[in-house]
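Two complexes, one shared chain (chain A), two partners (chain B, chain C).
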Partner chain A sequence: MENRLKEEARKLLKEGKVDYIVGYGNGTVKFRTSPLITNKEEDIESLVINPFIANNLSRYPTEIKGKLGIVVKGCDSRSLVSLMQDNKVNRDDMVILGVPCEGVVDIKKLGEQIGADIDQAKEIDKEGDNLIVQMDGSKKTVPFRDVIFDKCFGCEYPTPLEYDILLGSEVSPRIEIEKSLKKIKEFEDTDAPERWRYWKEQFSKCIRCYACRNVCPACFCERCFVDVNIPQWITTYGSWQDNLVFQLIRTLHVAGRCSDCGECERSCPVGIPLRSLQRKMVEEVKGLFNHETGVDKDAFPVFTHYEATDPEEFIK
Partner chain B sequence: MEETKWEPKVVGFLCHWCSYAGADLTGSARMEYPHNIRIIRVPCSGRIDPMFILRALQNGLDGVLVSGCHPGDCHYQSGNFHARRKFAVTRKLLEYVGIEPERVQFSWVAASEGPKMAQVVKEFVEGVRKVGPNRLFKDEIRDGE
Partner chain C sequence: MGYKRIKKDQLNAFLRELSKDYAVVLPSRSGGQVVFGPWDGENTDFLDWYKNTVIPPKALFFPPVEEMFRFRKGEEGYEIEELMPDKGQQIIFGIRPCDARALKIIDMLFADTYRDPYYLRRRENSLLIGLGCNEPCDTCFCASLDISPGQSEDVDILCTDTGEDLLIEAISDKGGNLLSRMSGLSDAGSEEESKARELRKSAKERITREINLSGLQERMRSNFENRAYWEKVSKKCMACGICTYVCPTCHCFDINDENRKKEGKRVRNWDSCKFPLFTRMPMENPRHEKWRRMRQRYHHKFEYYPMNFGAIACTGCGRCIRECPVNVDVTEIIGGI
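Take a look at the complex of A and B:
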């Protein structure tokens, strides 16, 4: 898949079909990948595709001007389609290189499985359904399913829905919704004051770095409501009250646009389980309005549209 | 000092074209409804940002009532339809994070529905009274403070 990508990317740049290639390169820390955005042919050799490509690159088309050749996984492609629905990106300005995705490795989970910091691993290879971790003098085999992100268990669209070039063969969906929603269901079973206490505790940790906002493809407002100072909705210092209100409003802003890529939670430096909020909204929007993010390119964004038959049993 | 009895303090966001006129009718028909509500007039229920609701709760109000025209009656054709979608998810999210559902209520009240307005406010205030004062956004008071 990687070779195919390099070949296609090189061709696209050479033929001038795209101005930039947006893909994955190796990160500065071992086994982590970081976005690689380039217009130089010699950088193409650094492109990678491996089980660690976590970033959602559909963040970039709204920020980079020019034609892009962009590498997307299943969830990223839905973010991209959602941006098309909102008229934020133009389909003709992109050449989409689709990566059929078997799940992305959660570095934290992998560390727990091998019982060591993953920096100590020499090499990690995927062989069939297992991940072979070469350590100093030892070798560990970890089932791949045990180390992928929670979101990947519930992935209904592992193969990108929108692409120009598919870099591999299609992957069939692995639907284990229960496993993916386990955290949320457990949380829902606790009583209301307990739930409130939980979020209060979580958001007391928040340092308001806005990583969740900056990494989210659905957060495309030119001026975020937290940056508005007339009126100032949210104070700039981090009190848990303001942190929580900020995140709740952000959750509502991206509701119906969230493809459950899980980047908010992954990027959070203090480990707030943000996906529990976002994923909950994905479920609600699907249940209430039968809308799934980025599945249908021609569908209306969910909150710019309405039906006469929308649920209203809660309105008195 | 004699302890004063707690009374709920709630805000009502009423749309100018229906609910506000409805509340007006309630008054001019001399119907009584709880004085616990403070009414803010907005152009349309579609004007209500979920932010208003959260900020009201954050600033210590005990409840938020949002009221607009019946579906199909919107002065701006579709404002309340959009509002309806927005409120449906807002409600779910607030409940999910642990805010009592009684604190936030939505209703449709037309300009001619004076008695309904009184009824809605009465029921809403009673509901808020049951769940008690809003301490959600209060910091816990530490010993010695």
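Take a look at the complex of A and C:
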């Protein structure tokens, strides 16, 4: 896949079909990749595709001017389609390079599985259904499925739904919805005071770095409501109540636009389980409107569309 | 005073003795993350798993949110209720050498022409017991900034984990006085001392990440107008505030009044030059584009702070590299200038 990507990316730049390639390169931290955004052919050799390509690159087309050759996984492609539906990006300005995805490794889970800091691993290779982790003088075999992100378990669309070039053969859906929703279901079974206590604890940790919002492709407001100070919607300092209000409003804003890519949760430096909120909202939107983000590019965005036949029993 | 030592399984008793006169704060797990928190009076197992916290210890002195005072409009004008930190003494146990240096660096600012009473009172009431790093992380580059991961001149007392023992060394007079009052410490033999020296040496050697600081000031200055460079390196940046908030030396803040009818409070909170709203209150943020804001952050750390205070505002703790969602790497950016 990687070689195919390099070949296609090089061609796109050479033929002037795109101004930039937006893909992944190796990070400067062990076993991490980093977005590689380049207009130079000599950088193409540094492009990678491996089980660590976590970032959702669909965040970039709303920001970078020009035509982009953009690498997307299944979930990322749905973010991109959603942005098209909202007229935030123009399909003609993109050459979409699709990566059929078998799941992305959650470094934290991997650390727990090998019982050591990931810093201590020398090399990690995927062999069949396992990850082989080379440690100092020892070797550990970890089932791949035990170390991928929770969101990946329930992924119904691992192969991008929208692409110009598919870089590998299609991956069949994993659909272990139960496993993917386990945390959320367990949480729903607790009573309201407990849930309140839990979110209070979680949102007390929030430092308002706004990484959750800034990494989110669906958070495309030119000016976020929290950055409006006349009138001020929430205080600049992070009381847990205001932190919660911020996140709940964000959750509602991205309802029907969230592709469950999980970047909000992965990016949170203080470990707030933000994906639980988003994932719950994905379920709600599916149940209420039979809408799945970015699955049907001809569909209307769920909250900007109205039909005369819409049920309105709630209006008394 | 020479080196002292205690068995690691005696640390509990040592901390308990300290707890009589001090609130003891140490690495603990809370809400699923590692933080400096109040000691529970029991556990010392952090020695087995603790590397460092995500939120730096600056937060203990300069908290993310701080109520400065409350006010109320009375018959005769405003009544002010001061809200200074209490005078209780605290011990920060387990602070890493990079973070202890960071406090020394921001002391210069908080004790400058304007002396910040909130920060300084907490500093005066705190005693730092450092814990040297035997196993630095992949992201550490403190050695490039004249910090040895296993050593520190910036703490009051320094501990080195030699396996079964903690080797304890008084660094400041304050630390020496405290140690002389403590029971349960034995003198360390030359064997332990040489073991500690070995550990420190090997810790320093393990640090492979470097930041190129040669001719830094001149390089920074001549690159300032290099818009193409800053646009290129900031392209992938998400413009969130993680790097500034997890940085042990970033110290910008915002102050707001929260009023309700006739009463209110003045609150200060961390702020970040990575945000478009930064400095918007007094006038305008002149740095509309992301690349200008990124440039500002690095210039502040590597040019302005050294100009103002004679110290680089970076200690190589590596948090910004580790926590960045897109792996923006300060060593690459400064190295590329």
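Assume the second predicted complex is superposed on the first by the 306 of 316 C-alpha atoms of A that agree within 3 Å, B and C clash if a C-alpha of one lies under 4 Å from a C-alpha of the other, contacts with A are read in each partner's own complex, and residues count from 1 in each chain.
In this text, contacts are C-beta pairs under 8 Å (C-beta built on N, C-alpha and C of every residue); 3 or more make two chains touch, one makes a residue touch a chain.
Just so you know, these numbers come straight off a predicted model, no measurement behind them.
Contacts of A:F225 after superposition: chain B is touched, whereas chain C is not reached. With both structures placed on the common chain, the touch criterion links A:R32 to chain C but leaves chain B unconnected. When both complexes are overlaid on chain A, the residue A:R10 reaches neither chain B nor chain C.
When the two structures are aligned on the shared chain, A:K88 is found in touch with neither chain B nor chain C. Looking at the shared chain after the overlay, A:K179 reaches neither chain B nor chain C. When both complexes are overlaid on chain A, the residue A:V285 reaches chain B alone and has no touch with chain C.
Within the superposed three-chain model, A:K109 lies out of touch with both chain B and chain C [touch as defined at top]. In the superposition on chain A, contact of A:Q241 is made with chain B only, not with chain C. Only residues 188, 192-199, 225, 233, 241-242, 244-245, 248-249, 251-252, 255, 277, 280-281, 284-285, 288-289, 302-304, 306, 308, 310-312, 314-316 of chain A touch chain B when the two sit together in their complex. By the touch criterion stated above, chain C contacts chain A in their complex at residues 31-33, 51, 54-55, 64-65, 137-139, 235-236, 238-242, 244-246, 254, 256, 258, 267-272, 275-277, 280-281, 321-323, 325-327, 329, 331-332.
Within the complex, the chain B residues that touch chain A are 50-51, 54-55, 58, 71-72, 78, 81-82, 84-100, 105-108, 120, 123, 136-137. Within the complex formed with chain C, the chain A residues making contact are 27-30, 32-37, 55, 59-60, 64, 117, 119, 201-202, 204-205, 207-211, 213-215, 227, 229, 235-239, 263, 266-267, 269-271.
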